[in-house]
């Protein structure tokens, strides 16, 4: 991901700014095509399976984002609307309690019908009808819903990749999704503490373009004096934590984190696995199982692990003395002021913050059923900022708030450290 | 297996009687082809999914029975044996603890690689090699293992069907496997009690052909004086049990059965479902969801339900006064003496007996790893006798012992009643 | 019960044979006093706690057996019956589904009210009223119910002891219940195979005195030719099984047993614990934690363990070649014929048999709510024969059928071996 | 609870300010005596039982706070220290991972030894030794540890009461702890919105006396413009929520809250129960089961319920339009400025805030093992402010931060509402 997508250093135009309906139609079609491109390396069977309740089958992702357009866009706006298949409204609903029955989340892998082929036919039908609709109807409300639909599909594009990676890791064959995936470059700069923006800061999205409800309203917050690292924590640093017995030492861990380490027998990031011959770590990814790259940012660690690492580094690594995770406001302020000094804010790994996911002052969920999108998850989740190598380009921004529960680690999650004072 | 114990509909010759190697080869190839025929109505996705831990994906069944031939037949007997893919020996092992690692049973639906197509290619390769081997090597030991392999694959053919039915039932679309499945005919005869064979009886397989280790040795047992029903319990009779509040009345149930009814909210046989308009029961099957046929044998009931029904019928249905489930020895003695009077001993539903599955006196498991086949399951399972509409023709016999835990009901399980005295 | 089936140490007269009402009253009072004597070494707190769902607090045992007399004896027979406290009928009911609400089984340890003192007062009140009743009413029906009540209380006396032992084992202080408990004597005789009674044998209770419904009717059964050990398996023999890796070798175990060993991390009988200094086993009992006595019968092993031991001994111990567990009918036939040669049939440990617990031919449960006593547990339980050191003297007989699920081992459970042939 | 314990309206001296060692000794002895007074209405059995994993037996509370003094105070400071009983250091440790083995939390109710009497003897011994020590040793460090010990015991005094209430509620007898418990008075004032303190505010403890590490450091925070209710939400208001179907309507609930309502079948605050005759709610408390007092503050609601109620009230109760839970900083600012207008800040119910429990900027856990006290719980917990009717007088302050997971409701938890703007 390039720095030119950031506010300040962002171009005047983001992919979600549309001067005309033509641009919106183009973005819609590009987004729809991108999802189908993502499954090119996959078989119908690959698209069928669900590896755990948190993940979904690729076919389900393709169908669910289509369901969104059918129910949220076509149903209210299309003349003589008819369901392609009314049963799909149950099968591919996700969490919208307001829309009636849903297929049980942990049983999405059992929906062998419709087949992948039938889902793709359905997708095409919906695509055509949305194109027709957008040519006839230029209402603000419709545009807003399609913009949500595009961002929604982009979120599922990232989930599709993380879910396939998790699925393939369950198979002793350790299949390769694609050889040509992103390679994390070694950082070009040495570690240094950057002075954080302190005092009153402006937080949240204040522009005119599309953004999620949880990024607004823009408001004032107060940052303490602090410093923040210019680089992400690396695999090599994490290996030192392991070598020092970090996963066996209760003192570094939150109480709930320690219980999790014990009950789940956690001893390394999710996709790390010891080569039985070399006794060195490999890391499984969409490119297959490869030797660990020490310079790459550490990835697939939970909040519990990120927090424990910070506590350990604070006491064991001299240049990290006093280290802790940043708050989400410290991260956002950094992104406003020093994006050129801070490396890999975007495009490598989502970065855990110490902030619980909660409503901004004056927060209003979107009206209607889209109101279930964000607000109802505001408990027991931690905020992540930035974006990852799997994030669809153009999807994230510096006000974007990703969030997951503390034990989550099948997402592309890493960290950068901060500390009090300068 | 003796011809006089077969239902009239059975051929004089079963596939497991082999006068020559040619016949064995023919039976092997027929058995292999039958499995592939069973998946004709299925898509790769249908063959991928696993609906619960007890069930397996169709693709897994196809692969596992192939694994059996590769590891049990080719590996010890073929010159210059090489695995088609050594990882498959882990992926498609089932319960053979003696052969090392296994893929976790509840995660068989996650094996999207190899694809269905690749499994079929592997099957063909193994088929060719087994054919070659059987032409060169006529040893008794090899023949015995291939006979086991054929019976083993037949068992998985039935499981494949029951597992697909269970999978499809999880989908609100209620897919149809095939319109042309078996239809249960209405019974031709009226109910009557048949006098059971009492006193000393011969139990177990005593012939020369293939049979499972758990059917032997042939031995003497003692039957009390008893009677046994000529017909199976029907859907109409079961409906009367439901109407009389049978599922809400603790007095009919074993203690463990009552706990199961409560915890699983059981109120009818597995695939019965109330039509929301007519308020009448439909029954889901491989033919789809059809109105319940009152004359057909009740199917998909657990041992707990069969036992409760017997207790209820014993007190509530005058002609069933004193009814109970038969022992497996009462059933076997009936099959020796009165197969023409006793209807549907085979080919409709497996019939629960009151006998726990245990070793016959002098029982010896097969030698080698095949010894894990039967003996190690001899606890907390109840014996079923006969065969079902899904059983591959020629697979069962009157000494055949099927067995499942008391709550099991995704198999084709029904019952016939017996009583003390004549 | 016939005197010739008792071990030599048993009295000629058991408490359940009553020539007159006086004898019955005496037996009733003795039984009631015995329960109270058992709690003499215990504090109110000791009597309060419940260590697991299978066990009950000592106070609950004292109350439940009293509830039995109040509801089953006084309520139907006493003039102007009134409950001591109607709430007790809910709190101290156990499994009688026919009598309405019950306090949840796993929460018996939460009933801090009534106090132990109040329960003892209630006991005295019920005792006095039953005494009065028995002086006035000499009906057969009443006598039968009081006999059941006495046997019922005897069963809870044994449970009270096993439950206290289990409770005390959870406490790092390893409290001592009483120094003066039974000591298992070293066997006086050398091992030898006794020829079993084969062919048609008479099984079940055929006398006139009290017995449980599950011991009847007396009937004919058929025993194969077999031999049976004169002695119980000892701690020393079990230690050899452990030393030979018995708990780490899947081949000895039933499939369900192996899953149990793995999930519960089983590596020795329940109360065996390694002394951290000597690295030798101690055994916790009501006498405290003492060095293991190699000559004593092994105790507190599950059916799974007993079955695995037999399979191991059959192949690894020369004089046990071909060994297996006896059937319950083999055990009962032995007790009829050779009680002087067979040591420790009674009074040491209950002995696992290979027989599932099921109804005898023609079995009829007791009428009324007492019918729930035995019949409804006839699935997924294995039969044990004999009696243990904790069994109240006079309680058991050679037709007595104890039963527990295969993983159970907090009871005083051991084994003797048998084999086919002579 | 009296208003004179509040800051501003608080006296200059709180019970935890000690001008001299005499005052500290006096406070220590008062605190120790208070715990024993709390169990006066309880039997040894009442003090033994543990009703759920979150709760502890009263005896355990008495022992654990004593363990704290023995291990944290006497062990490092007393000459020739010896354990009263070394095993107690395992039995009565709670969450201090730094101190080695612990007895499993959910099995505290199984520790029938030592008896209540023995624990009280141990308490007296420790009391005497601490008194002696405090007379000889006047070090700051010792004083600090004893102050922690006093506050620690006060926390367990409140827990002891909530745990007994929960235990008694499991018993159909619904025992009464004491008739003379606190009665919530009807509020003297009408509802009105108070203008909240906005802009930069000072948060956290800044004085010289005892306080917990999580209340410091004192720091600047930024409050948005907001209003806050002068009164607590009442039972009558909650009843309106129930009547309006609040527990059956997903739209009011957080996603995790709705899942909790469904899985736990929640339909009213914890101790509310419908009288089967009047069909009106009663509320169980330490005074027994009494008719619900509509004017009393609602109590024993979870964060999920408090949040859902706020969302409902915001849309359904006109004077609560726009209502939400306050942040902990809004609450603390209110307590600094308007304690006379805001009723029941202390002494009725702990008040849920919308703030996740996290570290203040610059937070440092106490050094040594006491450092495990607070910091390691800073995830997945919500902050409560104020104090309850069960809180030991003098224990809380306006900077005090109580915290529990979102589903918790066996504590004395209620709420007051806030809204954006004035």
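The chains carry the letters A, B, C and D, assigned in the order they are written, with residues numbered from 1 in each.
Please note the rule applied: contacts are C-beta pairs under 8 Å (C-beta built on N, C-alpha and C of every residue); 3 or more make two chains touch, one makes a residue touch a chain.
What you see is a predicted model; the values in this text were computed from it and never measured.
Considering every other chain in turn, none proves to be in contact with both chain B and chain C. With centres taken as mean Cα positions, chain D sits 59 Å from chain B. Rounded to whole angstrom units, the spacing between the C-alpha centres of chain A and chain B is 47.
None of the residues of chain B touches two or more other chains. Every pair of chains meeting the touch criterion is listed here: A-B, A-D, B-C, C-D. Chain A makes touch with chain D in their complex at residues 95, 97-98, 200, 219-222, 224, 226, 250-251, 253-258, 303-304, 307, 324, 354-356, 358-359, 361-362, 376-380, 382, 406, 420. For chain D in complex with chain C, the touching residues are 43-49, 51, 59, 87, 90-91, 103, 107, 109-116, 167-168, 170-173, 175.
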